[in-house]
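We just call them A, B, C and D in the order they show up, numbering each chain from 1.
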Amino acid sequence: MIVEMRRGATTDEVDSVVQKVKSLGLDVQLNFGTEKTVVAILGSNTGQLSTDIFAVLPGVESVSRIMKPYKLASREVKTDDTLISINGIEIGGKRIIVMAGPCAIEGEEQLREAAKVVKDAGASILRGGAFKPRSSPFSFQGLEKVGLELLVKIKEELNIPVITEVVDSHDVHMVAEVADILQVGSRNMQNYTLLTAVGRSKCPVLLKRGFSCTVAEWLTAADYLLAEGNNQVILCERGIRTFENSIRFSLDISAIPVIKQSSHLPVIVDPSHAAGHYSLVPAISKAAVAAGVDGLLIEVHPNPKDALVDGLQSLTPSNFAQLMGELRPIAKSVGRYI
Amino acid sequence: MIVEMRRGATTDEVDSVVQKVKSLGLDVQLNFGTEKTVVAILGSNTGQLSTDIFAVLPGVESVSRIMKPYKLASREVKTDDTLISINGIEIGGKRIIVMAGPCAIEGEEQLREAAKVVKDAGASILRGGAFKPRSSPFSFQGLEKVGLELLVKIKEELNIPVITEVVDSHDVHMVAEVADILQVGSRNMQNYTLLTAVGRSKCPVLLKRGFSCTVAEWLTAADYLLAEGNNQVILCERGIRTFENSIRFSLDISAIPVIKQSSHLPVIVDPSHAAGHYSLVPAISKAAVAAGVDGLLIEVHPNPKDALVDGLQSLTPSNFAQLMGELRPIAKSVGRYI
Amino acid sequence: MIVEMRRGATTDEVDSVVQKVKSLGLDVQLNFGTEKTVVAILGSNTGQLSTDIFAVLPGVESVSRIMKPYKLASREVKTDDTLISINGIEIGGKRIIVMAGPCAIEGEEQLREAAKVVKDAGASILRGGAFKPRSSPFSFQGLEKVGLELLVKIKEELNIPVITEVVDSHDVHMVAEVADILQVGSRNMQNYTLLTAVGRSKCPVLLKRGFSCTVAEWLTAADYLLAEGNNQVILCERGIRTFENSIRFSLDISAIPVIKQSSHLPVIVDPSHAAGHYSLVPAISKAAVAAGVDGLLIEVHPNPKDALVDGLQSLTPSNFAQLMGELRPIAKSVGRYI
Amino acid sequence: MIVEMRRGATTDEVDSVVQKVKSLGLDVQLNFGTEKTVVAILGSNTGQLSTDIFAVLPGVESVSRIMKPYKLASREVKTDDTLISINGIEIGGKRIIVMAGPCAIEGEEQLREAAKVVKDAGASILRGGAFKPRSSPFSFQGLEKVGLELLVKIKEELNIPVITEVVDSHDVHMVAEVADILQVGSRNMQNYTLLTAVGRSKCPVLLKRGFSCTVAEWLTAADYLLAEGNNQVILCERGIRTFENSIRFSLDISAIPVIKQSSHLPVIVDPSHAAGHYSLVPAISKAAVAAGVDGLLIEVHPNPKDALVDGLQSLTPSNFAQLMGELRPIAKSVGRYI
């Protein structure tokens, strides 16, 4: 951490910074420039220290963080890639894993049909929401427990692992009994109560990026899961909020190489929620695969026109099958397979 | 809702849109332009209808919403201002209410001293956090239940109402027994599980704006509280995330007149979390009062240098007293008082 | 264009909207809803009409545009792809064109060496800036005319077409005598004086997206060039400003399919200015190729450590050659070649 | 400037950073931490140095700037406030200066009437655009030279100074003969060709903030004007682009105290272009005055319904007079007057 003193800061002001550093058991080195004094704070845990502690002292102009705010999710702590195994399906390895299915579970027939088509087209994991966080209280909120029961039924019938969202810390145990992967949604990325409960569950978890959170904040949220001893964390980029209005959320394609440099965790992309429109899903999916993603989470609905939620961003079965066919050579061209 | 068909859309495609509208019990009117057909959907509840239902149909180019997505929070549903009474202190009326105190409760002495200075300077309500949502799991998380007990003690001792944050839907009952106003934080604005529980509590609630949520999304979140029968909702603008980096969050000053036009709910401003630095708090507070705000939520710490959380954005007791003195003539100049 | 009247708007207010529409020679259709009246304005030129003309009338709540604001750049006006031929090199066709070279021309040897390595690695067009718009007046501003002379020399020596930036409307003629493609930079995307002059030159032009402009604004800026009769317009996505700080600008990957749907113009990507760091350039380039881009504009410097401008985002010759090798199979996997 | 080396960086890598620093004539100090080495670069001109020069060296993790990128506009270079005198009207002093008038000059009668009403209501300077940068080539572009002639006529007739925009570097001389203040628009804030020409003119200049530029970039653009010897620079905040869509641009209210801390230049606010709607102009104007602004630039049109440009954001004469009456007590409450 670097503390820049104001021009004309007094010796006493510099001293009080030094004393504060020493009181925290950290090392300090002073740089006396021609115009300003700069105090370097040295130690391995300064990333978890608040910059405010120093910024508030008299004579201080600014405080810059050198260490990253996240720790357990960083590649500095763990250099080799984390691999997560779901019923023998490995996430984070050479194979790019496709998770697909409807946004919301609407009924047994819809879920069974969706599961069949995505499995036939090559998806490894079935997605389907039983609990739906909706922005309006007057919208369909999901089938809840009935939805979970349908998930169990179809999962066993078709022998396919499932991923589903959990929205309440007190439901984690119940959902984890059904889900092979727990999904934490974008709007809950900084719901620390939920993160802590999911971290304790030890169930594999997919952590969606908050749509206005930086990569550093996202990895710091992952630290909440890892700090509870849950090492099976999959990151999911799903678009960020920008000024651009031709798409619902702008997919942050560079987050993929940034994550690969900074973290050991696998990262996948949800093109459907970013796009908001089925016609943009193929191009975004292809870009993600070429950029080095470990998986995709795609919405597929047997009949998007009748979907209760997010029909516009869902692929039809035939469009999904076509996309899978187009993704395979791209995966191969970057040394992966689907 | 306005459905714009593509150029060259067929009669069958237009018909299928019309059939969908009628199947929902809504009225429809067709506009045949020189190049495009436009379908207007008429009815009082189209604001709560998903645009996707129509956008997904063949031949549709785009769907625009005319009705607002929120309902109960809108001035169209309730034209007169909502007034909220906290122990005889009215929020939303001619008096601008100041809530002040430390970000986090750190101990009995700190809370008592903070409470005394803010009360002496003219604040009506004491703020203080017992449960702190922190971005890193390695940061101080608040005194939790012990903090609540201290709040009760100081509140009774000094006879001042208190506002404190609730972060877990299962704690709402416990926190509401202490708090005169429940605070829902920015990162929980779209935590619908929490909103529903707070809505059921009937305790007055301060709903902070999500730092990347639009005003329309914020009012839609307020609908969650109102839909459960809790009408005592105070909105709190606390800065939005933008590209600008000279401040932690950019205070959206225009949200104040926009809310006053669109909603009947009172709106206050938290200058401290927006600013991130005490030196910017006075100017933002003054601007908010001039723009028509109903209150302010300001961080004050007896000794910011020793604060465990957010010391840099906390005013000292003397700076707070000075600011209160400067705000009074501004309030008077816009026909209000503090 | 759709004009939504306020609840309770009077017949006179509706009439005055209708009169305004008719005075402009446009057709109108009225929709009387249960709560509101909606006026649809019909005609082929409403995209170029200001919404303000109606929004300012009494009783109007809001005005929504149905037609796009841009016209000549839209696929509605020209359905087939625009192909641009530069010395026999076709942009917008099956081949993905790579333009590469240093950010700034620093001297003859630097430019010659850069030109050789990019040509050897398979780039078709040499980039190199003679006029450099720099954010600080104290930074290196380019070799200007001397730079242009060097461009001519190397271009003839190595027989490779060149692209270079023009920053002053009065320099267009001079720069166009050297350049095979004129580049309009991001900060000049809405410099209409410059756009008009470049449009009149009839020289092929690469229009970089303003880093905070929407795709619709970008295509409207292209209309300035097209309106002057210059049809050889290449669009270049180079990253947009967002809150994310792990990259200099967030590349808007979805702009590629959006442009392909909305416009007939070719679109390329500049991964270097988006990334700001060489280590992110390969992943972004690969993503762009997979997403359907028509070309890439990549910074390559013989010795990035000694670059006067933007050394950090420049690839070394060997890294560029490696990237070209990695891009070829991706191009093939999406039915293109490099 | 602070250079952070990677974990495990070699002595040679650290040495090459040190050599680079010394080759630039700067001082250096090394900090050997437990995990990383940090190199502090000391000297008074490091703000104008590119961080890339060091970031590109092997073994470097990141480079942080301590000195600001701008220089001449900073309060460190000039501690006392800059006062600008326009025909005896002082900008930057105790009086808050109001500049008002139509967005575009449409004709003699319109300009005369607008000038009369704004002067009568207490505005000191008349605004009116002769050259209009418009986003579409099919929109009204201003009366150009005829507009300038009308400005001269009305300015002499009513004895009121005028501010008008210049968009082409080659028109600066012509416009400066008419204008008491040259306006550089938001889209031209980084048009360095124009800035340099305006800087050479020595005519007082109002520099609007680019709608997506940071305060630091804005002050660096002001350096272009100051570096040419033009010290009469007025800054104008006019809203920034954010995700919020209830207003055209979000007014960055905190830019006012930030500028007052960082720069000696006067700063004014344009509430009209930020708001995009007349109904939001009063609240934003009041907030700006309370926050410490030195002036306001407000659009007023004798008859907004017939305005050719931006009618929706223009105040009527009576609304403007009412606003002026409301602003006076607010100015007084913060120790200023209008």
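Keep in mind that, in the parts below, contacts are C-beta pairs under 8 Å (C-beta built on N, C-alpha and C of every residue); 3 or more make two chains touch, one makes a residue touch a chain.
Here the structure is a predicted model, which means the values were calculated and not measured.
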Graph separation of chain A and chain C (steps between touching chains): 1
Repeat of the A-C interface, chosen from B-D, A-B or A-D (over half of contact pairs identical by residue number): B-D
Chain pair with the higher count of C-beta pairs in contact (B-C, C-D): C-D
Of all other chains, the one whose Cα centre sits farthest from chain A: D
Distance from the mean Cα position of chain C to that of chain B, given in whole angstrom: 39
Geometric centre distance via CA averages, chain D-chain C, whole Å: 26
Set of chain C residues in contact with two or more other chains: 212, 241-243
Of all residues in chain D, those that touch chain A in their complex: 2, 4, 7, 27, 29, 31-36, 38, 40, 42-44, 62, 64, 66, 76, 212, 241-243
Interface residues, chain A side, partner chain B - complex: 48, 50-53, 55-57, 69-71, 133-139, 167-170, 187-188, 190-193, 196, 211-212, 217, 220-221, 223-224, 227, 241, 277-278, 304-305, 307, 309-313
Residue ranges of chain D touching chain B (in the complex, touch as defined): 212, 214-216, 240, 242-247, 250-258, 260-262, 274-275, 279-280, 282-284, 286-292, 326, 329-330, 332-334
